[in-house]
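In the two complexes that follow, subunit A is the common piece, with subunit B as its partner first and subunit C second.
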Partner chain A sequence: MDARRGSLPVPRVRQVGFFTPNAQPAPTRSQSGPPDSSSPPLSDSPASNSLSPVMIPPPRHHSDNLAAAPRPTSPLPVPEPSPFRRRGADNNNALLVGSYNPAETLLAMSPSSSHVGDGESEETMSGGWFRRSNSGKLASSLPSGTFDFSPVQSTAEALKPNKVQNPVGISEVSARPAPKEQQPEAPSSSKQPKPKLTKAERRALQESQRAAKGGGKSVAAPEEVATIKSVKQHQTQKKDAPQVAVSVAASERKGGDKSQEKERRKDAPAPRMQFDDKSRVEKAKRRSVVDQTEAKKRVELFRHLPQYEHGTQLADLESKFLQLDPMHPAIYKVGLQYLAGDISGGNARCIAMLQAFQQVVKDYSTPPEKTLPRDLTAKISSYVSFFTQCRPLSMSMGNAIRFLKNRIAKLSPSLSESESKSSICTDIDRFINEKIVLADRVIVQHASSKVKDGDVLLVYGSSCVVEMVLLHSHELGKQFRVIVVDSRPKLEGKALLRRLVAKGVHCTYTHINAVSYVMHEVTKVFLGASSVLSNGTVYSRVGTACVAMVAHAFRVPVIICCEAYKFHERVQLDSICSNELGDPDAIGKVPGRMDVNYLNDVSNSGNLQLLNLMYDATPADYVSMIVTDYGMIPPTSVPVIVREYRRDHLLI
Partner chain B sequence: MKEQTTRAMWWRSPSFILDNRQQAQPYDTARGGALSIPPPPSTAMADPNPNPNPLTDKISAYYQTRAAHHGVVSSDWLAQAQAAVGHIPDVDDDAANSDQGAPPGEPFSVIDEFNNWRKQPDLAEAVAAIRALAAVIRNSQATTMMELEIELKKASDSLKSWDTTSISLTAGCDLFMRYVTRTSALEYEDFNSAKTRLIERAEKFGEISYKARKIIAMLSQDFIFDGCTILVHGFSRVVLEVLKMAAQNKKLFRVFCTEGRPDRTGLRLSNELAKLDVPVKLLIDSAVAYSMDEVDMVFVGADGVVESGGIINMMGTYQIALVAHSMNKPVYVAAESYKFARLYPLDQKDMGPALRPIEFGVPIPLKVEVETSARDYTPPQYLTLLFTDLGVLTPSVVSDELIQLYL
Partner chain C sequence: MPDVQALVNDFLNKLKKRKIEGSQATAKQTAELLRSVISQQRVPYTNQAGALIDSVRAIGEQLIAANPIELAVGNIVRRVLHIIREEDLSLTTAAVTELNLSTISDDDDDDGGGNQDDHPVLSAAAVAAAARSSLRPPSLQMLLEGAPEFVAVPRSSSSGGDSEGKSKSMDRNSRTRKLKHDVIEAVNELIQDITTCHELIAEQAVEHIHQNEVILTLGSSKTVLEFLCAAKEKKRSFRVFVAEGAPRYQGHLLAKELAARGLQTTVITDSAVFAMISRVNMVIVGSHAVMANGGVIAPVGMNMVALAAQKHAVPFVVLAGIHKLCPLYPHNPEVLLNELRSPSELLDFGEFSDCLDFGSGDGSPLLHVVNPTFDYVPPKVVSLFITDTGGHNPSYMYRLIADYYSADDLVVQRRHSAVN
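Coming up: the complex of A and B.
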């Protein structure tokens, strides 16, 4: 075992557990790859490449079964990877390989897919990229054009509507299907010409258009493309940091440094939409379907978060229903439900979204001259940005979207449309089943093993997993008491209380103000989570941190129940930089209590700001244990789960 | 091992030592402790030997073994024990039980094998279990891999159920199953070559586990500096190995040994250390806080390392860790990796109880309750580092390793 010390200088190879020095490598399952297939180690998965022969291979977790499901093959003879951890390497290979199709479908979707997980606001941004990239295609898609008219004309035509588009202010989503000349094969590289072009650029553009109109058909085309391209690149270079992704996208077409660029983009922190950035908010607004009126007064510290006047959009959106023809009714319905607050809770929202997507996929038919993976990804992105406008996405939804897009991107081009569609549908079903339903069942098993007779359990708010744990423990005949702690304005605990009492669980109901009083008799605290971040921080309903802190002070163990698909590799230290703002009026007004509504007439005065935060971040110190579908782990082990199973999430 | 002449005196002393002795006896004669020539093997695992004291299942077999292996029994203590009124009534039952140990020539039993190995005082229980399981593979007459796996599973289950209070036994069996069966070897076409491969792996694992102590001792040498004072609690073979090696390396240090009531394991450790010419001072268990300011580091062993990174160890470890933590002294744990268990206790009461009798030397009134728990749980935040054969780990890495091993 000295070998462990000896092997230290070798980076990347994480030798863990029992390994024999100088062991004769056994024929491993992950044999088939060429020796160098794992040579470029993925930065985020040191363990993924190196499965030492004596290491214990990962278990046949349910997700591995999924891996056995029809997996798309890449066009080049990339060796079939092992069903286990080589997947990371395989992924990488797929990127390095071919200069077109599969890699580019990835590229096409990646700007959004790589950031989706970052939740709320950037979805709008990614929608923006898509928009831009679509129009970019027009410029660069000439040589392979298959239209009735000449390629040159098509560009010219395509450019025109673009110029008009923004000033007119057609909302982007509804305008999307309009330019039918788009060519799906073209990589999404350059960006849409903005109203704000520099002089030189504008002139170059005009010249190119003129050339396109006047010049010979085939001769002028390549030149013109080149000019436009150069203009674009010139332009993109001028852009500052947040726009890096765009220029990256442009340079990716060159193929050579594509993978490298991609790596870099992956490493770069995701630019998140900052709502105190006026110009970008404007842009986003122009694209948005939902007409969100921004709140007039916002708390200084939270200006970067989207905040809208609540209650106005619903009617407006409903009236728009007929105009929004690209929006699938199922998406529309779920979006409205988000907006109205009919669906809440991480799992419920995620399932509703996935099922809506499933419906979309079922009703989908690939438009002529488009490929399914790319068009569908674009469609889903637009839907996602619609959802985001209705309500900021939770991190779990981000993970689910990332999974879905990955599945679509990985679809084998050889599959027929109906096969692809059914494969996506089964993938969605599996995700729901195995990452949510089954995971919940496992969590309930684990967590209820911690419930002992005579326990007093404290729960906060309403988490469906925690509720299942309580009910299951009750069904097992354990004698325990539950204290439901609740808080204004949502009072979600009441619903939970109602269900628990109906089942005959002995309950106490109190508000969070009394938590320090009731805590002394509590033996365990069970909490749900919206997300668990890789530093162990638990991102959950506002008030959770308070309950956990009081429990910690009273030396009461705090148990977090959270499915592993909600884990996120992000690190967050406070609840300021990423959060969701609720309706400020909700805390100012008490429905049905005219006598305490002191703020009715003051709420318009300039020196009053109401802050209704939806989430908070509980530091890992206050958490004793996290119960996930992978078992009971300390909060320090979240990154291990994220590292080891991120690939599984994506590649199920 | 004690000489046989003291046996008569043991009759009235805490029965666990005796039980173990008597139980071990028949196997000793039957097998001669040899693993190499096991009796005609068979697949029958259905009749495992019962726990040495099934009627008093409240008392942890694990601690009996420990006591038998490292119990220090001074004459005054024996005299005290004899004078004590509190006695354990079931000695005879146990004696009867132990008689029905498998006679030679009967089908191979993993428990017998295990007991054979277990009698070596230097061999940890888990290692004994690992060797016994390796013997199962070797003696198996299964003809398919599946059959062999099932057989192995049965054997490991019977070992685990033999003593549920021993964490390292359970963990060792689990890890063995993981290590040995989760291998590509199982996909060999040929059953025999696969089986050979399994045996190879099993032996390798046994070897690793056996060597673990040496590795830990080597790893921990960097942490013992000249002139330091080390507080040691209980008797841990790993810790002894660490200190032994430090003494061999001519390091100058002194050791404070706690007494380690109720089985006085500290006395035995001080005895061993005195033989090595290491300056030793004995403390009563309650003098830990008093002498903590002189101490540079605390060294403890572990019965089990749990998933949170905390340890389960002999009673008193938690309070020593608390005192050390409040005085900012490092607490080092020396534990072999086969003690890593998939347990996650939330607090002290969240473990299966492991009880053992405690002698107070005077009659205890019936109304007085006695806390007989043998071990406590030390949460990870009070531990500084864990020395394991996988390397020097912080407590949080334990969970990482376990996740990698088990998931």
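Coming up: the complex of A and C.
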């Protein structure tokens, strides 16, 4: 630490403290050093003591932040990883988010960051980091408005008065150019305390700050109190006017610790709801719109996944239609379609959801005393949880939601409501177009270049991209045969078969058990995917793993076609830990086979359980190639794509 | 023997129309049919064994041709042929021993003295060795005693069973009834074995299934059912995942039966096998036939299960009654030992009939439906065979099989076609 401290150039330290754009690029490691030495040791030093080893956001982000710095957005406590990582940084750069207590953020952020998953934690940490550094300075600088740092640095007692003055400070903070003005003053202030603080001292400061926070809270501006309530319910907020936002940001963080976590669970991918956790399930039930009866006989191994009596939700939902006034009809319709299985397939579900959201945005009008971004995001979150109750979201949908929320949060506050709405709508359109439609076209071009005359292609289930590949290759006049492998209970292959035969493609149809029989003649296997995880695991319709395994055993190349927006940074090793359970009764019934009725009457006996898994995880070893909109890659390159293009997904 | 011919024709019809399901039923009925054939067979005074073998083989050929996929038929035909040979041999041996004894008594008169003890022992050993050698590889004892020259002579006389000079010298009256009777007795035993093989296999269940085990099986097999229930009866509690085994969905039947007997049973789709196999401790499946190389002909989908089990290092255990052991080595078994069932099990005819049915016209049909019945599981993915005689490695199956069949019968059909 000492060596570091010595080596660091002072101006850099200063910049970090004062939110000038070029302050950000300083790597965290160096940042963790300076706080000890620099002006705002009050808040920073304890944090750096406890957290510095974990908080190493890659330098790149900082430089990104730099570019994006002037964006006037507010810090969002939303759990979503990348967007907010960035945004948090931006805020901190551009805005003075001074009104909240540094100690608070420290307390609030650091524990939460330890809870969340990898991608997220990075974000929160870096966000937390920035906030922390800000808050120390801001808390001190704001109250006076003169940017006099001396009171802050001296003792914690100094904070108390500051806190009281917060309301005053807030209005001043809103002026954006402020940071620049502050800059010149920084060096002197930052240098001062360096030698004085020992660990014990810092400790003491932290303690006192905590105490100060209590005091500050009680004195906190009345306007804050008003906002807190609304904020607590909504997870993501955005301010039109900086003034409000500042207070909100603060208040939200105050109330936020718990609710934040809950919200995270709701729409962040990382720690999923585990349905064997009784108390949590109870809680979720109370919240839920859809009254679902949990299936009684459940497979022991899958207690952590939700399983509902099929059909109970649908009737209930229908009866509730009139009571659910906050629910937009478009959302309601799509939800019902999910529930009934009318819309299935990753792309279709995603597009349906986005279009429903688009409809919502079009019909949206900001209620009085609320701001568009905040209220809309909250609305969307509630819709998302409604969708989740209808059917667990796919990972691709999670990515799309993340994108949408990010776009909403990033709306320029200077835009009028109609402008914001149209901007969101075009963003949604663009996402659908670029990430799904155009991506599919690119994939089709890549993949059909792999189809040669005389090929025998094996496809499993029904993937719309694979179907497009086959049809495109057929249109190109390539001579090939297709083997459609299907499996119960969905028999999605039949529909695909019908469409292919209608186009005049030579097909062979069989069921998954016979896959070893047909694999002898197969030259390539084309498979779709619901999601590709960053360890290369392909998460797809159940049975895909079997087909890939047999193909691997027969030395047949397996080609996965998957849009890059379906890539996800989560990892998974087996198909048990996260999966989706379908209607178990579908297993017992074999449509069109009157002779198979063994399970018609026994489905309620105690010892017999039916398990209808929806997905499985194909190990990366079985995958020869993944065709995405970024080209054809080996499964080992998935994490690279995820990392390199994640920001790209969100910004487009 | 018109009634026998009627029986045979009836059985042939059933086989051709695939009315008989399951190798055990087929095996049993084949054995019963052959028993009645043997009992009705008029035995000539000379060369009785030869006559029996010829008639059994003639009928066997027809049976095998009626359903070449049902290997149990061929197995039982070979087993019966083997029984005839063995019975004939044991009779011959007995006769030879008698002869030897008589010659020895003659020798006694001639020589007397020290040679007396030595000679009969040697000849008895030689006869015993000869008896074994016609069916089995030479024993260690024989190799040690080094009497190869004795082997050659009796083998040529006994193995064909049609050397007339030998049988002439036999006591005809006693042998005529004796051979047929013995053969029928032995076939009865065989039938008994086939019916009770489940129990013998099930007895070994406790040695393989431990408490809290998770077992995966596919399709339905009576042997598996009995095996699991036997373990259950011994107070073991374990869970069973049953893959349903489309398109016949026999797994539903098995699951229902298992649940009725108090086992924790979960039905999964065949496609979920890979997802579930990582939580499974052992895969126990039935088989259709076991080939001499240790490969298994099993219900369709089994190869997938076996590969998944291999990937996750889960033991893949095959239960097989003795009647399922086939002395043939498979060649391209996925195709040659397979049977394609009706597409109607997969697709409704109404829906795709216009695509399916111009096979008779000029162009090739746009749509094929493949619905095989069996899968071939190569020996390298099988961990263990459990037969009524115990557990065996796949690599040992050829040897086990050699105990039950005689090498002369391996090819039932070829000799016939050569004659034709």
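The criterion applied here is as follows: the second predicted complex is superposed on the first by the 379 of 652 C-alpha atoms of A that agree within 3 Å, B and C clash if a C-alpha of one lies under 4 Å from a C-alpha of the other, contacts with A are read in each partner's own complex, and residues count from 1 in each chain.
The rule is short, and it goes like this: a residue touches a chain if its C-beta (ideal position, glycine included) is under 8 Å from a C-beta of that chain, and two chains touch if they have at least 3 such contacts.
As the structure is a computational prediction, the values presented were derived from the model and not from experiment.
Of the two partner chains placed by the overlay, only subunit C lies in contact with A:Val542; subunit B stays clear of it. Of the two partner chains placed by superposition, only subunit B is touched by A:Pro634; subunit C is not.
Contact with neither subunit B nor subunit C is seen for A:Ile331 once the two complexes are overlaid on the shared chain. With both structures placed on the common chain, the touch criterion links A:Ile428 to neither subunit B nor subunit C. After overlaying the two complexes on the shared chain, residue contacts for A:Lys450 are found with subunit B alone; subunit C is out of touch.
When subunit B and subunit C are set side by side, the one touching more residues of subunit A is C. Contacts of A:Cys562 after superposition: neither subunit B nor subunit C is touched. Within subunit A, no residue touches subunit B in one complex and subunit C in the other.
Listing the residues of subunit A that touch subunit C in their complex gives 299-301, 483, 486-489, 494, 497-498, 501, 504-518, 520, 542-543, 545-546, 549-550, 553, 574-576, 579, 587-588, 590, 592-593, 596, 598-599, 602, 605-613, 615-617.
Put simply, subunit A touches subunit B in their complex at residues 1-2, 4-5, 16-18, 20, 23, 26-29, 47, 53-59, 61, 450, 452, 524, 557, 559, 624-625, 630-634, 636-637, 640-641, 644.
Put simply, subunit C touches subunit A in their complex at residues 239, 241, 244-249, 252-253, 255-256, 258-260, 262-276, 278-279, 300-301, 303-304, 307-308, 311, 334, 338, 343, 345-348, 351-352, 355, 364, 366-372, 375-376.
Taken together, the subunit B residues at the contact with subunit A in this complex read 175, 178-179, 182-185, 187-188, 197, 201, 204-205, 208, 211-212, 215, 218, 307-309, 337, 342, 344, 346-347, 350, 380, 389-391, 396, 399-401, 403-407.
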